[in-house]
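Both complexes shown next keep chain A, but they swap its partner, so chain B is in the first and chain C is in the second.
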Partner chain A sequence: MASEGGKIDPMHQFMIEPIVPLNLAGYDISFTNSSLFMILVMATIWVFMLGGMKRQMVPGRWQAAVEGVNGFVNDMVSTSVGPEGKKYVPLVFSLFMFILVANFMGMMPFGIVPGGHAFTVTSHLTVTAVLAILSFGTVLVVGFWKHKLHFFSLFVPHGTPWWLMWLIPFIELFSFLIRPFSLALRLFVAMTAGHVLMKVLAGFVINGLNADAAWVAPVVSLPAFILMIGITMLELLVCAIQAYVFALLTSLYINDAVNLH
Partner chain B sequence: MPQISQILATYASQFFWLLIVFALIYFLIGKGILPKVDAAVDARDAKIASDLAAAEKVRGEAEGLEGAWQAELTQTRNAAQAEAQKAKAKAQKDAEVRLAKADAEIAAKTSEAEAAIAKARASALSGLEAVAADAAQDIVAKVSGIKVTPAQATQAVKAALING
Partner chain C sequence: MDAEAAKLIGAGLAAIGAGLAAGGVGNVFGSFLQGALRNPAAADGQQGRLFIGFAAAELLGLLAFVVAMILIFVA
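Let's turn to the complex of A and B:
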């Protein structure tokens, strides 16, 4: 959070700051705070999953949690895709866990450490776009590999009347091509908007407390603080829902590619 | 909005690190750890299913054993009942036989005794007649001096005895 002339900039949290400048073939691939949080996310997932590696017959709490997440993704994929979906569980699981943990990591109070501030990896269009392209690319590769050119029949739903043949395939094609954009933008917008709102409310609390007039603190800061508690709860919910939506839509799109409607 | 204003300066770094991190997550965690977790879950499910099947089997066996035991019990009880019935019937028959024998003995003794009584009574009666005829002869001779023959006296006594 930057205070420039007493102002709190709610956008500052999305700034990418290089930590170790790197350069590869003319491209700037510096290790940034974004990269740091990606690695933090990966480490968190890895530590969490290691807890599931005890493979006891009677699971402890940690193992039960890991198996619960595994079962959740397994169920989601198998209900969407069917028995053939087993192959795609690692992809959907990786997407789900990465987005979930990245969302939650951005909510963690790193700010209590002086100089530290949380960064939400998934609030960046560059990141969500790559994830969406991974999801969409998988659908394209699987679809064309499994069905060859027959994959185009996806754009002609069963029971289309002949006199709508000139329109329906274009609508279907459009809705198919819009998928990566909707996937990427949904996550990016939800994370950005939630974090901006939280930062604005936090700015109300802090500026109200720092105000010269004594009446400002109880009138502005207190309601803003109470509202912020609720918004934080909501934002935690949104973090989980966005990860779920991304994973669910990916498995539904994979279903299109595998089963052609 | 830094996401858009910084995009040209940062996209290469974002793509590079994200692809490295996501590839690591996919291959090490998604492909490496996840199947092991899955295998543990499957192993547990299989174990539970086989344990349940074994328990079901043992229960079936136990039910069979109980059925056999019940059948044996019923059979034994029936045999015991039949035995008891037989013993009871035999005892009844024995009792009847003995009762009949005793009845017959009693009847024989009774008729014997009755015959003896009848004989004694007859002899007593005939004695009585003779004594009465003598007494009547004597009484008639003493009172009226008429000689009555024993035959007449006896006849008169008989008639008087019959009249009571």
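Let's turn to the complex of A and C:
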């Protein structure tokens, strides 16, 4: 968004604006553009899944697509957790699908509709932190449920020499406690950084076209536009990789909880 | 030095971290390719580990970006 004086404001796209202002007991629970895009994401996943869950013997294209995604997550969980991982496939699948579709939804060109503005749900730490807490909380609950207090042996890896016992458990504990932060931060920053970069490049294109000197448009705008096409491809790749990494790390952490070390 | 100028210089210095993380990510994928070309049969089974290494290297670069953003917009 180029604002006054041609100055680029790449952070404006992350603004949360209320669409239907609501107030409950002093708390602001407005229906915002973030909520709107979450509902869009949910509806997309719903349509995608419903269209493919016909359980035909010979799958059509749509059912093959749904089975492909499901098989992908299923393979990922069963290779990292083992046969006991079957129970956690729905959780990892939901996280993966939500993040993937939310990331892609933020890349969609809704701006061509007048007044429309794409919003990336996962570019806010509040959203990604809740997703990370879901993943981390599952590990805690499953770990303590299955192993009771024996779960703490997670912090003492096999073969730790006795004279390192004062150090290793603390390092392991620290690396365990930092997991939800790294999960949330990675997704949020990757999305934010990509969108800021794209908005800055878009600002070069728009400002170059609006410049007074005629030579600016071909020299600045055209290369920036070509670069932006490449960056958009890269961003689409990052969207998929971030969803995959989140799901993969979640299944690895569940493996820790189910099988200890 | 002016405090505002110091902030911007700090944000610029944080970008060095992003560049170093680029080296790290390149090293992860480069080493994977080196190993995968020597033993292509074993490569598919190691894709999960490839992305764990990628995620760890990338996170540190993203932290450099967070530092820059905090310096510019928050501090």
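By definition in this document, the second predicted complex is superposed on the first by the 257 of 261 C-alpha atoms of A that agree within 3 Å, B and C clash if a C-alpha of one lies under 4 Å from a C-alpha of the other, contacts with A are read in each partner's own complex, and residues count from 1 in each chain.
Please note the rule applied: a contact is a pair of C-beta atoms (placed from the backbone, for glycine too) under 8 Å apart; a residue touches a chain by one contact, two chains touch by 3 or more.
The shown structure was predicted, so the numbers you read here are calculated from the model rather than taken from an experiment.
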Contacts of A:V189 with chain B and chain C, given as first, second, both or neither: second
Between chain B (first) and chain C (second), which does A:L227 come into contact with in this model arrangement: first, second, both, or neither? neither
Partner contacting more residues of chain A (chain B vs chain C): B
Contacts for A:M76 in the overlay, against chain B (first) and chain C (second): which applies, first, second, both or neither? second
Should A:G52 be classified as contacting the first partner (chain B), the second (chain C), both, or neither? first
Contacts for A:L140 in the overlay, against chain B (first) and chain C (second): which applies, first, second, both or neither? neither
Regarding the shared-chain residue A:V127, is it in contact with chain B (first), chain C (second), both, or neither? first
Looking at A:L248 after the superposition, I want to know if it touches chain B, chain C, both of them or none. Which is it: first, second, both, neither? second
Between chain B (first) and chain C (second), which, if any, makes contact with A:D28: first, second, both or neither? first
Quick one: is A:P90 in contact with chain B, with chain C, with both, or with neither? Answer first, second, both or neither. first
Which chain A residues lie in the overlap of the chain B contact set and the chain C contact set? 11, 192
What residues on chain C touch chain A, complex-wise? 48, 51-52, 54-55, 58-59, 62-63, 65-66, 69, 73
Would you mind writing out the residues of chain A in touch with chain B in their complex? 11-12, 14-16, 18, 22, 24, 27-32, 34-35, 38-39, 41-42, 45-46, 49-50, 52-53, 55-57, 59, 63, 66-67, 70-71, 74, 89-91, 93-94, 97-98, 121, 123-127, 130-131, 134, 188, 192
Would you tell me which residues of chain B are touching chain A in their complex? 1-4, 6-7, 9-19, 21-22, 24-26, 28-31, 33-41, 43-44, 47
Partner chain C, residues of chain A touching it in the complex: 11, 76, 79-80, 182, 185-186, 189-190, 192-193, 241, 244-245, 248-249, 252
